[in-house]
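In what comes next, chain A is part of two complexes: it sits with chain B in the first one and with chain C in the second one.
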Partner chain A sequence: MNACRKPIAAAMLLLLSIVVLTGCWNSNELSDMAIVVGIGVDKDGDSGKYRVSMQIVNPSTVAANKSSGGGQNAIPNIVYSSVDHTLFSAFRKTSQKAPRRLFFAHSQMFVIGEPLAREGINGLFDLFERSRELRLTSSVVIARGMKAEDLLNILTPMQTTTATSIKDKLEVTSEVWAQNVDTDVTDIIKKVSGSGEPAISGAKAVGNPIAGRKKANLEETPPQTNIETKGIAIFAQGKLAAWLDGKAARGAVWAMNKMKSTTVNLDCGNEKQAIAIEVIRSSTRTRVHMRNGKPVLTMHIKEEGNLTETNCPLDPSNRELIVKLQNQLAEATKKEVETAIKAAQSKKSDIFGFSTEMERTQPKAWKQLEKSWPDVFAETEVEINVEAYIRRTGLRIKSYIKPEKE
Partner chain B sequence: MSKSSSVSPTQLFAMIILFEFGTALVLPIGQAAGSNVWLSILLAMPGGMILYVLYTYFNRQFPALTLSGYIRKILGPYFGWPVSFLYIVYFIYISSRNLREAGDLLISASYDETPLATVHAVMIIAVIYVIYKGVNVLFRLGEIYILIIISLGILSQAAVLFSGALELRNLLPLMGEGFIPTLRDAYPNILMFPFSELICFATIFPHMKQQKLIRKTGLLAILASSLMLSLSHAIEIAIIGKDIYSRATFPLFTSITIVEVAEFMQRLDPFVILTLIIGVFFKMTVYAYAVTAMAADLFRIEDRRQLAFPIGIVIFLISVLSAWSFPEHNSEGRVHLITGSPFFTVAVPILLLLVHLLKKRSTHS
Partner chain C sequence: MMFYRKAQRNRKPSYQSHTDAANAASDNGGKPPISAGLADNLAYLRQELGDSPDMIVRTFEIGGNRIPAGAVYMDGITDKDMVNEYILKSLMIEAGEAMNPDEKPDILAYLKANALTIGEVHLLKDWDCIILSVLSGDTVIFLDGSPEAISGNTKGGEQRTITEPSTQVVIRGPKDGFTESIGTNVSLVRRRIKSSSVRLEPFKIGQTTKTNVAVMYIQGKAEDHVVQLLRERLSGIQIEALTGSELLEELIQDQKKSPFSTLINTERPDTVANHLLDGRIAIFVDGTPFNLIAPTTFLMNFLSTEDYYTRPEAVAAIIIVRYAALIISLFAPSIYIAAITFHQEMIPTPLLLSLASQRESVPFPAFIEALIMEFTFEILREAGIRMPRAIGQAVSIVGALVLGQAAVEAGIISSAMVIVVAITGISSFANPSYNMALSIRLIRFFLMVAAALFGFYGIAIFSIILISHMCSLSSFGVPYMTIKTPSVPEAERKTLFGIPLTKEKTKPQPAPDSGGSGAGGNDQAQPASAPSNLLNESGSS
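And then the complex of A and B:
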């Protein structure tokens, strides 16, 4: 009896395991999915709804690119937009337009239209936290002076999709030019959930955005319409308050301790901006102290750079000259940071994380200041201290340029 | 029970660590301390050790008896039986809570369209099988999986280090609200979860090969697991900050999704999912084992293995039916932390101790 029962039981178990071993209850085939690489949000007129745009890779062009090395016939990416009260329902509504199931795990760019940003962005990120598909590490930009949808619709050369094109520009320029920051969703949530304000880079269209939608945009150099990262948006109470540009933006990057590398031009005697210094390393330490019941911030910046170019006769073998250049560099840095802090203070926008620093190191004083922080921040004294070093001069020490004979 | 079952000290050490990791590694533990959870864990550790010494004290007094055995011996059959029975109910409930946590977290994190019951069924089948196989198999498994879980931990923490996502200043302020909230979080919250849960090892102790080493091994395991828990929670907070940590249902998962090493090592979430599954599997199995051991003892069932299936099914049903939603499950948990847990893991054992000491004195004099 037992002897014949056992094999049957074993067979039953094996059969049962088939049910489990297939795994993937909710499996999706790659060919049934549309890979979303970028998401844009705008406000939809005055309806109070969001207009959500999803940029989808056109799979045939990606594949064609590889085999034939360019010369694609179809456009590389398509943008679908839907209007709804919440981002998620707009995502799902798009199924009425897109022929495949949208897949968000590869989305790495989140674009917010400037009109929406001016009304407030704080409510936009809840879905990112809850969702298992959307990435908390998606980069965020503001479509400067335009709608996110229009920005995503521009076709860009070199990179297959507009979203990756923006993302890559943002990454590289943040690292080498440092007038933008690569802010991701987590950074924003951390700021917004405390008393700080986010700082988000802008991306804008240069040229006619409508013309940029045509494939012709990919067949011309320079492209008729291009996308450029430009400026850093600062926020107050979650609303876009102002744009920092150029040196003010770079000062903000310095103050936020996000500086990796940049270039500073220094005067060479009477010649303005004739020496290029490449900053290769920089770190900023912000500390807060209480003085007479008021917070005082001290910011210590330590930077290292190389002399990379000079348009004037210069002999850096002279130690004093290097010291002088170092002082000039420190002075230039300090000025930029001051500009940034003043601009942020005038908008009561604590993008530098000073509130977080207060909360961490002066918890008792923070309790009292927390409620009125934007006003306190605007009045707070900031002491900036820069330590600059110029370490090397490249493959030459002395320049071949000779002093002009008088 | 049978003479063939024997657990070595190494196996006990491994199992206690796995058990403590269980859900405590992946869930946010202790809410009030904010950025100081890791300190609270260390503060709760001595309390956990004292409780463990208490549990092992009974084992030294009654080496051959399981939890229900000495409860009846101390309180007498009339009081002892119902109290032991309540323990069975309690352990079934906790085991089902663990299963529910695993199920809900797995579904939130990756299997979003799979029904809860399916996820639970797959897990409970494994649990039933292991319980059926007995305590030896369970502990040998533990010996293997401790290595796996530690390697996963080392790999992910190395990734965290190299990714630069670690921001140690997130751990400030150290006791910004003063010492009291940090302590309040340790006692009772963290003492109850996960430390006091070790009471179900009282059903394992009779199977130990070297009875003398139970206390020492256990204390070492508590020390090791608290240090690792504390480190891991400190890392989580250093990555995501105390605000996101306190709101996350699954902070370990959220932290690891942020970690990116040089763009190619991203999405290490499977590591965390594995950690969750392994930890919960051992924790709920130890609980379920405790239930079968005590039920066999109470109802005088010769072959404990017969109980594996019915008890597994009860745990499965309770895990699905105990709460309508994950938030409800969590709020039940908060109630349980200040009611059931202190009652069964602190109040009753202390009562047992007092009664036992009184009895001892009266027999001596």
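And then the complex of A and C:
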């Protein structure tokens, strides 16, 4: 019995030693890592290289950890930049500047400088798909009218890092105001690899970006320099073509079926924009038909909203009035979507995913139109139907505002 | 003393007349036969017990014939009132009055039948039985001219009274707990199940200690093969001393090398009663209030006595909490180590930043930090158990302050690690089974090493090994991970029992012919049952 046990024991020991000899493969202590929360890319002058900026959190400033020594006076985040031909080599090159190993898995924000975006962004995202360090769920914004590095350098109150600040703003505003879209890297890659074009929100500095680098920016209200999300950039052939702002941007969100909630102001008789309707649910269905050899797009929007405010005397118990408001809402929505589609068509930028729909439902026609799709798209007729409902009128039925006596 | 090795083979043990036993063993003892002379016998007994001062010898004369007689008993383990009232008084006064001085019959038999007004009396024919009898608390009477002796059961003396169990406290439920006396313990269970199917089988284990062990089960509920297996294992034990149920547990479990205990122990008679009614077997060991239950499955460790007295809905919810506590106490430190040294990308960003900020000033790798903390916690726990209660509190205060506050403030330990160690420690106390908690304590360290080497991969591998091991365990043939016992089909049972039985090393011989040729065929066989009923000392105390 022992005779046959010994070789087995020896073999087990050998196997076990293999296990131990490999050491702590891939093990990294937290205190040896620099956590990158945001990445910015700019073009570096005319050298054809990328200037990559990495925003790193200074962990000692995050929690109220008074014992960890002097953390309270440090700035919450630091940006290091490196210049190289590829993003990845720039990442690694930054090790010359950063005191710790850069850790990219928590990078939430990818900021592209507008000058670079105007030259084309299609080549930027391969690294995201290929690398195990980066996340495909990182949000993407365009630093509007400025370099990404300058945007990341602005210190923002309330949030530890600029990157999380932009990310959180983008998330919330795209849900409640819907004049921006929270686009992540996957969305862009999907659009770029098909025949569509990405739509990316913009973020811009309000105030002096250079002053925003100082810690003093955190010690004043309102902050001297702030970052706000503004507009949606539309692309043509991978290059930034135009900005959609305000209602046009919201129309684009509607057309892309990304509407979650927003607020639409409607006229109340002669009083302009006196009634606020909060859209709480909306879905957009796009269909492509062929008519006379040409594609025709039908867009059906179904939305539901609540009456949330009125500045004029109104009796919502009146059914006819509600129907009227519903029609007004449908009309307003239709107008916004039309604006957005016209703007996109003028730039030949199919951000709405029409090409995908076309390819899916009309594969034969698509084969013929595929090559000239941007031009076809610009000419395509779009029919928009809006079905609007007002479901609730809030906690109050009839407003306390009395009609003016005439 | 050799006969203990072969005792009880192939045969259901039972209370047997001591005479058979004496006959069977008389030719192997190496001791002289009992002399006919009283003085010789008493002198021999004195010599055998090393002239012990607590051995009391009372010589007297019986009846009109003035037959010299001697009563021998041990001071302290006998009930003196009984000795005086029912042995000495009966023999010295009443027997003399009743006995016809002309007759010369077998006086011992006559006395046994007519004079001794005591419940349990035996005729002893060899020294082994006599010595064991005296040491068990019986009074042994020698008569001049008789190569035999009579023992009367006078067991008694000081015992701990029945108190509330200290380790298994219930809020609602009976408050009595086992004592160190096996007789009391058996009676506590008997009182709860007044059924004629309750079976009690005695064993004596330990060549020196001769500890009484009793197996109790309900015939018809407990599975026969499990009872048989237990019997065989108990009779196969050769050990010098059995001082508690822990040792017995080690001797009769199926797999020796395992951190898991495949027998649970309890201090509560109502728990034992409940398990007996569920078809399990109780093993009582004299000298400890902790008695064993077999067979035990993994899930039984999560049952607390309280569960029998609580609404089932609440119990179901509480048991889930216990499972969660088990998982936390097993995995919490290793998952923490793996997450912050390997899988930082899995931690939500705000949490990671918070952890990173705490770890900024910590000079140790996470694994070392965890080891320091876990080890300190173990020291604290160990110190807390050993310390007298008054000092124990001081220890825990110092420990908590040093660990929780000072270490974190000094920046040596991160507060997250203190939280992890604390939740781990508390969770390990949530488990009703102390044995299980101990195993978990041990395994936790291996898991931590696995986590420090390979992260979640290591934890997964180790868990697979652990679960495979647990699935390989069995308790008296019942798989340890069985959901409900007993539910093993016949065919599987054969494979399960067949192999361990034949490979059982502690057993001198396998038992192919169960039942037929009994112990009578083996001249060394001796039943483990005592010369007198060992279990009824409670009756006299």
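Here, the second predicted complex is superposed on the first by the 377 of 406 C-alpha atoms of A that agree within 3 Å, B and C clash if a C-alpha of one lies under 4 Å from a C-alpha of the other, contacts with A are read in each partner's own complex, and residues count from 1 in each chain.
In this text, contacts are C-beta pairs under 8 Å (C-beta built on N, C-alpha and C of every residue); 3 or more make two chains touch, one makes a residue touch a chain.
Everything numeric here is computed off the predicted structure, so don't read it as measured data.
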| item | value |
| --- | --- |
| First, second, both or neither for A:360, with chain B first and chain C second | first |
| Touching partner for A:31 - first (chain B), second (chain C), both, neither | second |
| Which superposed partner A:137 touches (first chain B, second chain C, both, neither) | first |
| Which of chain B and chain C A:164 touches, first, second, both or neither | second |
| Which superposed partner A:108 touches (first chain B, second chain C, both, neither) | second |
| Partner with the higher number of touched chain A residues, chain C or chain B | C |
| Intersection of chain A interface sets (partners chain B, chain C) | 20, 25-26, 135 |
| In the complex with chain A, residue positions of chain B that touch it | 108-114, 118, 122, 169, 172-173, 176-177, 240-241, 243-244, 247-248, 254, 257-258, 260, 266 |
| Chain A residues within the chain C interface of the complex | 19-20, 22-31, 33, 35, 37, 57, 59-63, 65, 67-69, 71, 103, 105-106, 108, 135, 160, 164 |
| Complex contact set, residues of chain A against chain B | 20, 25-26, 129, 132, 135-137, 186, 189-190, 193-194, 359-361, 363 |
| List of chain C residues in touch with chain A within their complex | 340-342, 344-345, 349, 352-362, 365-366, 408-411, 452-455 |
